[in-house]
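These notes open a run of structures that come right after.
In the two complexes below, subunit A is the common chain; its partner is subunit B in one and subunit C in the other.
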Partner chain A sequence: MMRIVAFAWSLVMGLLSVFLLGPLVLVAIFSFSSNALISFPMGDLTLKWYRDLFVNPDFYAALSNSLAIALPVALISTVTGTLAAYAFAEWRTRLGLPLLALLGLPVLLPPLVIAISLVVLYVRWLGLPLGRPAVIGGHVLVTQPLVAAVIASRMASFDFTVLEAARDLGASRWQTFWKVTLPQMRAAIVGAALIAFALSLDEFIIAVFTIGGGNTISTFVWGKIKTTLDPSINAIATILLLMTIGLTLIALRLTRYRG
Partner chain B sequence: MSIDVLAAGEAARPPLLRVSGVTKRYGAAVALHPIDLEVREGSFTAILGPSGCGKSTLLRLIAGFAEPSTGKVEIAGRDVTRLGPENRPTNMVFQGYGLFPHMSVAENVGFGLSIARRPRREIDQRVTEALALVRLEEFATRRISALSGGQQQRVALARALIMRPLILLLDEPLAALDLKLRQAMQTELRRIHRETGGTFIFVTHDQSEAFSLADNLIVMNEGRIEQAGVPQDVYMRPKTLFVSQFVGDTNILPGIRRGDHVELALGARFSSPGRQGQTTFVLRPEALRLDAATPGDAGHGGTALHGTIDEMLLLGGEARITLSIGNGETLVARLSDPRDGEAFRTGMKVTVSWAEKALIEVGVAA
Partner chain C sequence: MTGWPRMLRRGLALFPAFGILTGLFFMPIALLLAVSFWSVRSYRLVPGFALDAYARTFSFYGPLFISTMLIAAAVALLCVVVGFVFAYGARFRSGRYGDLFILATMITLFGGYLVKIYSWKAILSANGILNSTLLWLGLVDTPVSWFIFNRGAVIVALAHFLLPFAILPIYSALRNVPDITLEAARDLGASPWTTLVRVVLPQCKAGLVAAFAICFLSAAGDYVTPMFLGGGSGIMLGQFIVSEFSTRFNWPVGAAMSFSLMGVSALVISAIWLAVVGRRG
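Right, the complex of A and B next:
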């Protein structure tokens, strides 16, 4: 009886995994198929779609936009998120956790709501043009809380006595930060930056609302879907998938972040 | 005559540490009432008190991690009240050690000197010396996480001592170690104090630790210094009820003074002029003498009472005997040779006596 139940559960889990991961696998497989449509039989193996992409100037424009957004997003959100987590941890007041939660609010809101609010904020209130800086602002809003969460979880196991010890041995606040705090936090900070980078890279909704003219990788794909179901989309998806998984794996390994 | 000369010499040389009128308030809460304290060079001073008595606060004020609300801290004649920890000639061994986990043992120990930008060769040499002092020469390249608690404690000591502080501060230095290691570390601390000839101040809540290490004892309670002095003196002549209770076991004997005589609630009466009315005496358990015989005479010029043995505890090296003395009062006696205890049984009637000088008056209990 127990065996049957265990087997049934394994089956359910197996089917669920196939259902969730199947499309991803299909996309990756069909990016190498010579068929113009996603259909079986698969036809011949080819790298045509990848070649098409790499000769397409629009793809490069979108890719360079994405990178020009993701890099500053990673940088800015890492600095602000780290400082926020550090400050909350160092105060060690009861206010720390609620403030961190407040900072994390954008993650809880539907991205659509954030995107629309951002457009209203930029255009109506601040009179700022849409474009790369606008997307950067939006992305920092949602990546910064994750950075703060990663850093805060590292901070939870941080021994604050070392800071006093460093001061006692003659180090200034600044020296203490550089020689004692930062070296211990480095892995977590790099990991958090990679997560922020990966999130920004494949974020769609905020990007499409705030980019104005031009494309990021994700809006470029969206544009392609609207016009033709070109299999080069599969190629882009596969590239993005590999980049995101790769970055996340490195980040998880560096931060040992659990949950 | 020689005493006068000595006193003059002492006066000419100011104490290494002088704390005067220092208080510390956190909002409405008072952590320290005005504290006056002097520590002379070369002493090994223990600040002893229960948790929350302000002893750690006082240590942090001396180290510079906190600023006093009022008052002054002077080290070697210099006012350091407003200086941060990095600018004071003190170094601290923290309770949790606060070692840098991302550095090796040698890097930890050399940290202070590298911050001070000493030449590489000097740092290497002094690190070697400091590690030799705490007997960790073999561990220079180890990671901190690869060390036991006792070894980490030594690294923390070496890291502070390498700075050649005028005063070494230790916050509950042995609290995290198990009993055996604690005793070994006490011996080590005494040796290191002797070899460096430095001035050590440590905070502890453990009176046996204070007695085994210190040559100068400061007992604190509720943000005040209750008594300061040579440990043996504090034990033998406690000034307050708190000190007599916190430092060792004690019998508390309330009494009333009428004229030149005091009558204890126990029933004893003896001659002792002083302030009239209610008062309290304390009596150490080891000062009590028990006799199986039922004598009519008080004998040796002290006080003698009759009692019944309620309870006997044989604790290996000593015997603790609880006696009831008529009218509901009890006394605890300690026999340092447990063989003396073998003559007694629970329920036995005995005579209990003590020398009058063993009674210490501590005033009216609050």
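Right, the complex of A and C next:
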């Protein structure tokens, strides 16, 4: 009986893992298949789709747009999110958590609503053009609360007495921050920045509404899915997967996130 | 005390994040709310206070509204049930492999929004992997057409996308259930089922409702998944928010639909919170 139960659990967990990872694995496998479509049996091994992609100037344009958005997003949201988390941690009152929740509100609402409200703001009220800065603003809005949450959870296990020790030994507030706080927080901060970067690379809905002209990687993928059955989608999708998953796995190691 | 007063320092530390939050979230949302009371005459926005946009939302889009809520509820329920099974298995039934299952969840979480939708399209379409496998195995003679372009396909793909968002909060709730209480229940003669219903579930109610809320909200607001997998005329409100907003340039109706969607979703979630967790939280 015990054996049967244990076997049933392994089976259930195995099947659910296949359900979770299967769709991603399929795309990656078929990016190396000579079949134009994802279908069975798969064709010969080929790197043709990657070659097609790497000679396509549109791909590089989209990639450089995405990087030109994701880098500032990671930088800005890491600074604003870390500062906010620092203030929450110092507060040590009941006000910290509600403030963190308030900061997280943009993540809770549908991205579609965030996107159209930004378009209304930029176009109708500020008369600003859409484009990369517009996307950066929207992305910072949804990445800074995640940075703040990652940093705040690291700070929860932070030993504040070492700061007092540093101050007692004559370090200024600024010196304490640079020489004691920051080195201890470095891994968490880098991890949070990588997560913000990965989220910005992958984000589609805010990007497609606020980019105006041009493409990011995700709107480029969108264009391909929408119009044609272009097999190079598998290749772009695999590259995108490798970037986002790779970055977040490194980030998870750095922040020692455990579920 | 040397240096800046405490309050000022904290204020300065909070300022950048909350400045961005105010400028790019509270302000635009307030503007969008204002726009939802405007009207459109001969393709021009007319400021004012009219309820026309809301009237159109609940009359013309009424049936679609209900269909959207039902799809979101189905997705959220599916995610909570399957998410609970998976999180429970990872927490209590997998020994040292538990962390690996959570890693698989994290990989799925970050594995690309559009990539997942595209992959489901490739799996379910008439010449996709599922049909070509069934044909190859000789289980069917002609491709099955009902795998895609209907509510079922949208629910499956959304559930796949949102499952990690259900697993993680439920898992973290289950991590707070001490092993010792389970052992105590078993020693006192409780069956595994009784232990689950009377010991485990009451301790992770809040996590379950949180998972439901996240999945319900995200599913209700999605438009890309139904666009690709839901078939021709559109089955979810988000698709029509996009078309009212971008192709018909009727911002008031697009805005009114957005606020109605969020308002009704909030009501559904509060009702479930009160029913499951109760007033005292």
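One rule holds in what follows: the second predicted complex is superposed on the first by the 257 of 259 C-alpha atoms of A that agree within 3 Å, B and C clash if a C-alpha of one lies under 4 Å from a C-alpha of the other, contacts with A are read in each partner's own complex, and residues count from 1 in each chain.
Here is the rule we use: a contact is a pair of C-beta atoms (placed from the backbone, for glycine too) under 8 Å apart; a residue touches a chain by one contact, two chains touch by 3 or more.
Note that the structure is predicted; figures quoted are calculated from it, not measured.
*Asks:* Please tell me, clash or fit, for subunit B and subunit C sharing subunit A in the overlay.
*Replies:* They fit: once the shared chain is superposed, the two partners occupy separate space.
*Asks:* Return, as a multiple of 10 degrees, the angle whose vertex is the Cα centre of subunit A and whose sides reach the Cα centres of subunit B and subunit C.
*Replies:* Given the fit on chain A C-alpha atoms, the answer is 100 degrees.
*Asks:* With the two structures laid over each other on chain A, which partner does A:165 touch: subunit B (first), subunit C (second), both, or neither?
*Replies:* So A:165 only meets subunit B here.
*Asks:* Report for A:245: first if it touches subunit B alone, second if subunit C alone, otherwise both or neither.
*Replies:* So A:245 only meets subunit C here.
*Asks:* Between subunit B and subunit C, whom does A:175 touch in the aligned arrangement: first, second, both, or neither?
*Replies:* first
*Asks:* Is subunit A touched at more residues by subunit B or by subunit C?
*Replies:* C
*Asks:* In the overlay, answer first, second, both or neither for which of subunit B and subunit C A:97 touches.
*Replies:* Neither subunit B nor subunit C is touched by A:97.
*Asks:* So in the superposed three-chain picture, is A:144 touching just subunit B, just subunit C, both, or none of them (first/second/both/neither)?
*Replies:* Only subunit C is touched by A:144; subunit B is not.
*Asks:* Scan A:45 for contacts with subunit B and subunit C and give back first, second, both or neither.
*Replies:* Neither: A:45 stays clear of subunit B and subunit C.
*Asks:* What is the contact status of A:183 with respect to subunit B (first) and subunit C (second): first, second, both, or neither?
*Replies:* A:183: touches subunit B, not subunit C.
*Asks:* Quick check: superposed on A, how many Å separate the nearest Cα atoms of subunit B and subunit C?
*Replies:* The answer for the closest subunit B-subunit C C-alpha pair is 5 Å.
*Asks:* Following superposition on chain A, which residues of subunit A contact subunit B and also contact subunit C?
*Replies:* 172
*Asks:* Within the complex, which stretch of subunit A touches subunit C?
*Replies:* 6, 9, 12-13, 16-17, 19-21, 23-24, 26-27, 30, 37-41, 79-81, 83-84, 86-87, 90-91, 99, 102-103, 105-106, 108-114, 116-121, 124-125, 137-138, 140-141, 144, 148, 172-173, 198, 202-205, 218, 221-222, 225, 233, 237, 240-241, 244-245, 248-249, 252, 258-259
*Asks:* Write out the stretch or stretches of subunit B touching subunit A in their complex.
*Replies:* Against subunit A, the touching part of subunit B is residues 63, 65, 84-86, 90-92, 94-102, 111-112, 115-116, 159-160, 163.
*Asks:* Using the touch rule from the top, collect the residues of subunit C that touch subunit A in their complex.
*Replies:* The touching residues are 2-3, 6, 9-10, 13-14, 16-18, 20-21, 24-25, 27-29, 31-32, 35, 45, 82, 85-86, 89-90, 93-94, 97, 99, 101-102, 104-108, 110-123, 127-129, 131-133, 136, 160, 163-164, 168, 171-172, 175, 214, 217-218, 220-224, 228, 238, 241-242, 245, 251, 254-255, 258, 261-262.
*Asks:* Which residues of subunit A touch subunit B in their complex?
*Replies:* For subunit A paired with subunit B, touching residues are 159, 161-162, 164-172, 175, 179-180, 183-184.
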